[in-house]
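What follows is a pair of complexes built around chain A, which joins chain B in one and chain C in the other.
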Partner chain A sequence: MVSIDAAQLSTRELNIKLNALVEDNQDVKIINPRARHNVVVGILKKCQITVEGSLGYYCASLLDGPTVCIEGNSGWALGENLMNGVIRLSKDAGASVGASMRGGEIFVGRNAGARAGISMKGGTLIIKGNAGFLTGFMMQKGTIIVCGDVGDAVGDSMYEGVIYVGGKITSLGNDAKIANPTQTELSVIDKKLKKNNIAGSYKFKKIISEKKLYHFDKLERLEKSAI
Partner chain B sequence: MVRRTSQIFSPWVIQDIHAKSDLGRYRIRGFSSFQDVTHFDDLTFLSTGLTRFPLEGYKEQCNTQTVIGSLNAKNPLILDTPIYITGMSYGALSVNAKTALGKAASLVGTASCTGDGGMLPSERKASNKLIYQVLPSRYGFNPHHLKKAQAIEIVVGQGAKPGTGGMLMGIKVLDNISEMRDLPKGIDQRSPARHPDWLGPDDLAMKIEQLREATNWTVPIHVKLGACRVSDDVKLAAKAGADAIVVDSMLAGTGASSEILLDHSGIPTVPAIVLAREALREIGLNGKVHLIASGGIRSGADAAKALALGADAVAIGLSALIALNCNREIPGSNFMKEMGVPAGECSHCHTGKCPVGIATQDENLTKRLDPDEGAERVANFLNAMTMEMSLLTRSLGKGDVHSLEPEDLAALTIEASAMAQVPLVGTNKIFGQS
Partner chain C sequence: MCGVIGIIYKNTKELGLAPVGGDLIKMLTALEHRGKDSTGVTISGLDTQEDYIIRCRVDNKKSSISDLLLQTISKLGAVIKYSSFEKGFGKICINYEGEISELANNITLIEEVKVDSIGTNSEIVKDIGNAASLNNSHLIRDIKGTHGIGHVRMATESKIDISHAHPFWAYPFPDISVVHNGQLTNYHTLRRKYQDMGYRFQTGNDSEIISVFLAERLASGLSLDKAINESLDVLDGTFTYLVSTADAIGYAKDRWSAKPLVIMETENRVAIASEETALRSVFEEEIDRFEPQEKECMTWLV
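The block that comes next holds the complex of A and B.
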């Protein structure tokens, strides 16, 4: 594994070095990231990247393939638009973690801010602690597992996908409803938690779309004749 | 004067109230605003006489090459004409329409743009210079496609429906569209209005840096605004680091919008350009951050006037679709029978039953549009517009369309004088100036 000390590097210099090492099929460790934004962005191949320290906005975003382990906290939109790969964050995530992710897995070791999994289109987002308001807002596909509590309006305007909550639900969002998870679903959750070294017995509630917002319920004369 | 019918409750208003009382929801349609507002027809060029010499149309060159996004990008967009094709989604438009637009752009050396719903492979193949939109919905957004784009456009809003997201009725959300957008088949899609990963201008600056890092600082990043609070929005977008700003006016077209937004939000193109130009000038970025105007641009005259007012380029949408045969009877079509209105009065793109194969996902209707023939028509139209611009520019004694300036224009109405900040014809007075 090759180390990059980011302390004296600009974001541009850091990403250029990182991309060159990844192209050379090296595993990379970044030290002293100093919570900067836009680190580990747009990497589209399998590789192993470790970050020792906290990161800012949009870190580990627009990825397809890498495994990124971050020992620290992250700012907004960690793992944004992840196509495939794994992101493991040891501490807290800011707002919009996993925004529009389409595949892969994101694990948050502590709590996540507002709008976790917003516009999610696939993959799995696991939050060991609590998640903020509008978790799963306008979610389209994929799975969110929150072991702790969720804030207001969970699952608001979600299309498809599933949110599992192990703790307290402050309130459901518009067009979201609570359903009973099946045994098969619970065993899948259990496996995913064990894989991420989460022990404990949770009574997961399942949140899905009520699908009442899918259609305008009326058409006007011209639309009726045309459609 | 006493009218024979009510000015306030006109036949159209009565019909509108009846329709909404039947429906219980807002009305939806496509096309463009039906508001009667000040536009480029209210301005005229002051061509040469004895004070300047015209250039000869047959002998002397008029430059139309346009560079967009040279502030930060290693590879700015270099276009052979200052006119390109704006973002319109695969979903709102058929595969043949999107492919034709991409081919047309390549034929004349300009760019086309993806729109909501992702990058269509046939459009990518057809278009040599493709602008990839980053929309609030992120439908079909893919970093692999991002890296293949020649420019990136972050969409904050669009002129036809500022402050809201896109709309695609269920009849168009068929297999391929639902798959590309990760949406359930057949839903009436109402796209998000806010981006999932950023909210304000401070966040936008970081988002722009993210896209630059992901594309190695090679391509320009545009920010598209629905023209409303233009002055402040343009300053904020420029300070956030945009290479170019697209100001999309209330006259811009759409495949589907609530009618109330189409007709009752945003400002016209003429004042939008002037406000944007002055905003960039105030912060010292005029000419550095490029300005692109869109909304209701129908001819080379409109485009030339937009450049004279301060735009660096213009983008066309609805005009390109009309060039593709929108609202024209073609072999196989019957607008009255299929749409309930004659060709020329159709604004029913949202129904998905476009009789000329443009705004549809119906396989049989799509076949009515041949992409090669369509591309040729749009390329012809773009060439005609560019020639019109050159003709006007030469008549003003100038050899570069980018040399057009407000001093070349006069206003035909007091309103146009105030909005364009040029003198009213026959006077030296610019209305609205103290």
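The block that comes next holds the complex of A and C.
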């Protein structure tokens, strides 16, 4: 494993060096990130990246393939637009974790801020602790598993996808409703939690879209005339 | 986008005054990417012998203005212990037993003078540019105190000049000031209400209403905790703000959790900032950080 000291490099230099090492099939460890923004971005290859310390905004974003383990916290929008791969964060995530993610898995070891999984389009977002306001806001596909509590307006304006909550639901968002999870779903959750070393028995509630807000079959006036 | 920061030392009575100025500059430098239209700080708990510190700006096109200002202050019965005017920035230390509103109103009658703050143990220093230029012009780094707040501004709603830079002093309440990240949507309604009550506004910036609102609530007998709590319902729009008083710091975050804030606390001090990178610039040790959620507020005493 090759180690990069972030304190010695600008963000651009750090990302260029990281990409070069990954292209060279090296596993990389980043030390002293000191909550810097935009680190570990745009890597489109299977590889192992470890970060010792906290990250800032939009870190581990635009990824397709890597396994990124972060020993610390993250700022806003960790794993934004993740296509494939795994992101494991040991502590708290800021707001908008997993924004617009399309695949892969993000695991948050403690709590997540507001708008976790906003506009999610696939993949799995697992939060061991609590998640904040507007969890799964406008999500379109994918799975969010929150072992703890969720804040107000969970699943607001969601199109598709599913949110499982192990703890308390403060309130449901517009067009979100509670459904009963099937045995198969519960055993899938169980497997995913065990894989992330989460023990404990949770009574998961399932939140899905009521589908009263969107009507894809209704065309605009001009669209109708075009047919 | 803007950046807010705050720091408070909890054991200054036993350990002596702390390097608040240095901490604020470090944190503001780390947040420079959130805005560098203007930068400003309130430093409180200063070691001062006089009753009040006045921080103001004087239009130095006419050299007689500073003399007129000093005469105006003296006429009200204040004893001027110290005064300096450099590059248009004035600092005056006085002993004064009268009403602060009378003092402030009389000073602002002079058109060429803008008052940034009047405090018993605090002063506001703000200028155009980034943290480095604020420090170069005003030597913030060496100022010692008990607590302080700061702001880097990327202007969205009102013009870029020193008057519209944060922190905003709660005219005419000594030592109360606010830094704010966000936009208030009911600013004009609130401002009209407070103007009808007789309060004056120095600028057209929405953030100014927060400091006047809090100061008015404090003056009417509410605790800082309660005043901040009330603001969560009164203020509409997006906000994360920090308030500094003579002996405390507090924060509030809006109902949408729209603007960021993270906090690190040790036995001796609390640091608050828009981003963790600013906290890491003053905490060498690896400690946990806490992120407040929507509609949350908290205060710390010196």
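Here are a few things to note about the model shown:
One rule holds in what follows: the second predicted complex is superposed on the first by the 215 of 227 C-alpha atoms of A that agree within 3 Å, B and C clash if a C-alpha of one lies under 4 Å from a C-alpha of the other, contacts with A are read in each partner's own complex, and residues count from 1 in each chain.
To be clear about the criterion, contacts are C-beta pairs under 8 Å (C-beta built on N, C-alpha and C of every residue); 3 or more make two chains touch, one makes a residue touch a chain.
In this text, all values refer to a predicted model and were calculated from it rather than measured experimentally.
More residues of chain A lie in contact with B than with the other chain of the pair chain B and chain C. In the superposition on chain A, A:57 contacts both chain B and chain C. In the superposition on chain A, no contact is made by A:205 with either chain B or chain C.
With both structures placed on the common chain, the touch criterion links A:133 to chain C but leaves chain B unconnected. In the superposition on chain A, A:88 makes contact with neither chain B nor chain C.
Residue contacts after overlaying the shared chain place A:34 against chain C, while chain B stays out of touching range.
By the touch criterion defined above, A:100 reaches chain B but does not reach chain C. When the two structures are aligned on the shared chain, A:76 is found in touch with chain B and with chain C. Of the two partner chains placed by the overlay, only chain B lies in contact with A:11; chain C stays clear of it. Shared contact residues of chain A with chain B and chain C: 37, 56-57, 76, 115.
Interface residues of chain C, counted against chain A in their complex, comprise 33, 255-257, 260, 262, 275-277, 279-281, 286, 288-289, 291, 293-294.
On the chain B side of its complex with chain A, the touching residues are 19, 22-25, 27-28, 137-138, 141-144, 146-147, 169-171, 181-184, 186-188, 192, 196-198, 203, 206-207, 209-210, 213-217, 338-341, 348, 350-353. Residue ranges on chain A touching chain B, taken from their complex, read 11-12, 15, 19, 37-38, 41-42, 44, 56-58, 61-64, 76-77, 80-81, 83, 96, 99-100, 102, 115, 118-119, 121-122, 137-138, 140-141, 159-160, 214-218, 220-223, 225-227.
Interface residues of chain A, counted against chain C in their complex, comprise 34-37, 53-54, 56-57, 73, 75-76, 91-92, 94-95, 111, 113-115, 132-134, 151-152.
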